[in-house]
Amino acid sequence: MDPIRSMLESVLAEVRPDDDGAVADYIPALAAAEPDRLAFAVVGPRGRVTAVGDSEHLFTIQSVSKPFVLAVALERLGRDEVLRHVGVEPSGEPFNAISLERGTGRPANPMVNAGAIATSSLVAEGDAAARSAQVLEVLSRFAGRPLDIDEEVYRGESNTGHRNRALAHLLRSHNVIDGDVDTVVEAYFRQCSVRVTVHDLAVMAGTLAFGGVNPVTGERVVREAVARDVVSVMASCGMYDFSGEWLLRVGMPAKSGVSGDLLAVAPSQFGVASFSPRLDPHGNSVRGIRILERLSHEFGMHVFEPHESIADPGIRVERDHEGILVHLGGELAFSGSERVLAVLRDLTEGSAEHLRIDARALGRAHPAALEVLRVQLAQDGDRLRLID
Amino acid sequence: MDPIRSMLESVLAEVRPDDDGAVADYIPALAAAEPDRLAFAVVGPRGRVTAVGDSEHLFTIQSVSKPFVLAVALERLGRDEVLRHVGVEPSGEPFNAISLERGTGRPANPMVNAGAIATSSLVAEGDAAARSAQVLEVLSRFAGRPLDIDEEVYRGESNTGHRNRALAHLLRSHNVIDGDVDTVVEAYFRQCSVRVTVHDLAVMAGTLAFGGVNPVTGERVVREAVARDVVSVMASCGMYDFSGEWLLRVGMPAKSGVSGDLLAVAPSQFGVASFSPRLDPHGNSVRGIRILERLSHEFGMHVFEPHESIADPGIRVERDHEGILVHLGGELAFSGSERVLAVLRDLTEGSAEHLRIDARALGRAHPAALEVLRVQLAQDGDRLRLID
Amino acid sequence: MDPIRSMLESVLAEVRPDDDGAVADYIPALAAAEPDRLAFAVVGPRGRVTAVGDSEHLFTIQSVSKPFVLAVALERLGRDEVLRHVGVEPSGEPFNAISLERGTGRPANPMVNAGAIATSSLVAEGDAAARSAQVLEVLSRFAGRPLDIDEEVYRGESNTGHRNRALAHLLRSHNVIDGDVDTVVEAYFRQCSVRVTVHDLAVMAGTLAFGGVNPVTGERVVREAVARDVVSVMASCGMYDFSGEWLLRVGMPAKSGVSGDLLAVAPSQFGVASFSPRLDPHGNSVRGIRILERLSHEFGMHVFEPHESIADPGIRVERDHEGILVHLGGELAFSGSERVLAVLRDLTEGSAEHLRIDARALGRAHPAALEVLRVQLAQDGDRLRLID
Amino acid sequence: MDPIRSMLESVLAEVRPDDDGAVADYIPALAAAEPDRLAFAVVGPRGRVTAVGDSEHLFTIQSVSKPFVLAVALERLGRDEVLRHVGVEPSGEPFNAISLERGTGRPANPMVNAGAIATSSLVAEGDAAARSAQVLEVLSRFAGRPLDIDEEVYRGESNTGHRNRALAHLLRSHNVIDGDVDTVVEAYFRQCSVRVTVHDLAVMAGTLAFGGVNPVTGERVVREAVARDVVSVMASCGMYDFSGEWLLRVGMPAKSGVSGDLLAVAPSQFGVASFSPRLDPHGNSVRGIRILERLSHEFGMHVFEPHESIADPGIRVERDHEGILVHLGGELAFSGSERVLAVLRDLTEGSAEHLRIDARALGRAHPAALEVLRVQLAQDGDRLRLID
């Protein structure tokens, strides 16, 4: 028995009896969801997925698609161009708020519907079918398998999506989106109707958690800077008017959807996803929130959980016939470079031994940290040598 | 020559020529600030302060006092009680916005003035002088030296503080604060008039960055959970209606003050502070922002910068006469425990050797990660042993 | 030479040199308006129209259609049903503000675009052409001649009307309007594109000023209560976020349109309309406002101008062989009935003469005022008699 | 038995059983109000007061003081200067809303608390007692008798008035008010604590209804233009966020107070006041509203009730030995001058008789209407003559 799986199972068992909340019912296909369905999955840095509960159950992605479509927009157009069409400021308002910036008409951020429609309009071209196919292709790369669309849910979204159409026409009136409004809106409805499992979503979250590289397939889907940007926007805006309290209490950049899905990122550690259709009044999955709270509190996934290792380059000192050998391991951040200097200072003070720094076992080394070492070497080059 | 200092000096040299912005002039003592003053300082995990520029120049702390007074409130009353008086939601509005929650009258968050006044009213008792003394005592512990108050600035604040008095009376009308409004407001004006240097502020930031322990004095000022909460609130609300974009672009929980001070936290890595009196239209120090942007981009201090080390327990495998010895080093997070299990699985597969895990060199180990190892040991106890 | 016309000509001459403001340019057909065009017209209680300037110049009615379509809705559905779809509260916001009531989605009032679209959706049925024909028919009865539509302006409105489409979809999402949104919006664009002259608009205003009866054709177009309701809504909401100041300064319930038309009602006295295409930043005709201000100040058309005659039933006392004969003339309001009683009291005190009240020359008599006389007669029936 | 009194008694009897609503309880002295108290009074154009119910019961005037203090401000400073400190735009918000204009800090209008405090600060000078005495003196002239202050209510207002203090400090921060904030606020609390009866309030309303002249004492308290301005502001803003619907449904410029008082103006007809302490959720007297609705519907007091007499100069034609004699009576508005011209035209067409216009019986004649006659006379002077 895998001890990680068994710990996740115990979380599942704990939240399972909670039947608070209600299934979304604005379209028949969502109203027909089985309310007791429950699943969650995590994917770690080496691509290992641990999924518990109804982990192969399919549902529509809904708003959880938003950060990934934002990622595509950032990848294709760059941050400046995207920010010309949509802000990144939490609005203190609900998901379907209008929240357009005075003057420019920019939606407050890409996590509210208006901003998601604007983002969606940027990432694809052609008619609604063509646009949908392009988005589907990228979401599939995030998930690591070919995804498809739930046509019945899509038709339901399209039939009831008056408010989203209104938002799109407003954006059109401000030239935030251009072209045919219906095409953009239908493509957006299709984007929300993509079918996924918690396994898929965990991998998608993992792709953001691990700098844009799908931890299962190993494919780089977006640049590291793009993944970081998306995680930043999820951190400030992902939970609508609950974002500040979520960051305080749970501390995992996250995004929820009306089907009951919830996705969260523990940067450099885990991608996480849950599914449970009953929603609270804010439209968030009741049991999903509880699962994430448990993960944060008991498994140390809060982003502001202290991590001494960030500033600790794993220094190990050996002496051999050539002098002193300083092994660095793990990661060398700028803050760690200070520690290396301090160690070097201690070792060389009152000593004439030669020193070698063996950096070959370093995983990630920040350029500025290496620069610190290089400057020190330049000052002290006769007796200090870097092996990399 | 210290290579870290020289790199910080180069940042200073780069931003020094920028004379955009204007000194705050709503009270004479602030208007009299020397606009060219420029300084910044960082403090690392081992308490080493590197300060460049006018690092001993004294100025008033202003709004940068807010996160520390919040810390005191959280430490004394606990999170639930504090949240009964003030929210933690970004308001999308400027620093002096009214932003009280419909019904309860709770200010949106402790970083806007209304919320800071509410927080300030919670942390001390007695008349304005007594309250001020209590706050001063705690701020001094964050700074690691006895601070004092600039009485001239305080009188200026008090003479012009009509809007803050209005906010306090509003809070009083909602019973968010109680007692005498004037006493609360005067104590708040005194809190804003505490004199500091960038060296002081960097140490204060460091105390938040390193889990509530002053990195210079080694004193635990607040609990780790309190420091994490304060950093979370700074991340979502610290830069007012620029918070989302700041988190995206700079990614360091921060707080600015109208005297031109700016303080930021790179969790587990650095406390940072800068001073330059010329402000942009949002009331943030122009050159301060540029310094922080440089630190973020070039020195890798963005909170969502990937850190592989978080998930890497620094595994080193040796074989000796007793069998296999697995050394763990650095930090063992839950995500790292997965990697340990994988290594153990590889080592034991098709082998009958005995395995020992040497956890004595671990710095920080998360309880859940140790639990994973313990469960695995319990399953496999005959041939696996933990040395801790 | 007609002295009324010559006084109106002098108003025209005074405002003519003012070339402040700019022609609306959001559609080519409006941008092509001749900016120097200037006209205004008044219609009095007997249907006499005095029109000066370019009084036969045709332009599109635009937002000035709103009160008339509201009148039709009130006439057909009654006030309660109309109020279920749209409020009557000034919003303190501009014409194209969204201003939907929390919860119900009701637009703030029928004078802002959202409310006008809602009202428009209530008054007609069928496809856009059928709806347009129905509205045109009623507007024509208000104007007293068959009106038509400027097809070029209509196409321009339709091509650029993204914001109005957005408002309509929002209303649809709240079930404030139902059916096909495009049909409703196109009918609304056609309603705004009806062609009129200031002569037409003055007659339309007159129909509201004189209780729903077209003063020229003598046709009752809507019930008196409906006309009063429409005038009330114009008084509180007709000039958007300038309504309060307009009521203070000008005191004539009014409505302006983006083509430069402006229509105002002096209840029981005049219908007024002006045309001058250059607009101020609020979208109101610059010279139109000046004309109305002049009419209000110099011609005593402010609704709160005192009118002693309202409380004065035009009492004239005669003595003949049968005793005392009290002639009533003009109008008998409730306040006037008090004066009649006082006169009767004076006449009968210390006298035994018989009294007759001749009410045959009364124009309008309020039922409650007649009731006062009847009660008095019942008490004093032996010596007091009403001739009516 | 007076038939007017008996009709008002029947209104009282009808609303008496309604015990909906609750007495204001934010200060003990208000909470102690006897909830069943019920009274109302009207005063007509000749100063006759008809008061029914508990008409001599004393209560505090509260917000009903606002229009009268506005009147004093307009009388003393002129409209332009008053408008520099407070707007006249309905805010769509409740009585205690903050609603300050962006940039200037002007309160939305003088009927919300913020605006009333601003207005109050303009009308008097000196310390709070001196200010209070000055305001009391003017209110007494509106009421026609010396009023005094309920000191117990005043103390209660002062003890609980945190929100009003907040508003005043906000206004001070925008320089909308100057001087000592406490002085202004205490004077405002005293203004709200003036004791009145419905008889007093009816006379005060009457002074506004009849152009600034107290209908009982005959004293001109404010200029006619000031009375008209105050009535205009009550019409657009007097009932807070219910003002638009009130103007539609009741159509009497009005103001309500938290003690349960309600005052309304039927211009040129009546001043009206009611008292009944139970309030609805908007803070308006439940039975007071019902009384006013009855007066509006059944007694024809809606301001947009048609009044033919306004346009009817009461023309009576006689022939004597000198020719034709046209008697004018009642009131000659501009619209009536058109009718006079038409009559003259009919009489002179095809005739050579001399015409005299006897204007001596005219009550009020608008200057512009007289000007019309003068122009006609100038054209036709040889055979037409004005007797005035």
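Should a chain be cited, it is by its letter among A, B, C and D, assigned in written order, with residues numbered from 1 in that chain.
To be clear about the criterion, a contact is a pair of C-beta atoms (placed from the backbone, for glycine too) under 8 Å apart; a residue touches a chain by one contact, two chains touch by 3 or more.
Just so you know, these numbers come straight off a predicted model, no measurement behind them.
Peer 1: Could you give the fewest steps needed to travel from chain A to chain D through chains in contact?
Peer 2: Minimum step count, chain A to chain D: 2.
Peer 1: Find the chain most remote from chain D, comparing centres computed as mean CA coordinates.
Peer 2: Most distant chain from chain D: A.
Peer 1: Would you kindly tell me how far, in whole Å, the mean C-alpha position of chain B lies from that of chain A?
Peer 2: Distance between chain centres, rounded to whole Å: 23 Å.
Peer 1: What is the distance in Å between the mean C-alpha positions of chain A and chain C?
Peer 2: Taking the mean C-alpha position of each chain, the two centres sit 58 Å apart.
Peer 1: When the C-alpha atoms of chain B and chain C are each averaged to a single point, how far apart are the two points in Å?
Peer 2: 63
Peer 1: Would you please write down the residue numbers of chain C that are in contact with two or more other chains?
Peer 2: Residues: none.
Peer 1: If I apply the definition of touch given earlier, which pairs of chains qualify?
Peer 2: Between chains, contact exists in these pairs: A-B, A-C, B-D, C-D.
Peer 1: What residues on chain A touch chain C, complex-wise?
Peer 2: 98, 162-163, 165-170, 172-173, 181
Peer 1: Where on chain D does chain C make contact in their complex?
Peer 2: 1-4, 6-7, 44-46, 48, 79, 87-93, 108-109, 210-211, 224, 228-229, 231-233, 235-237, 241-245, 247-248, 251, 253, 266-270, 298-312, 314, 316, 329-331, 333-335, 337-339, 341-342, 363-364, 366-369, 371-373, 375-376, 379
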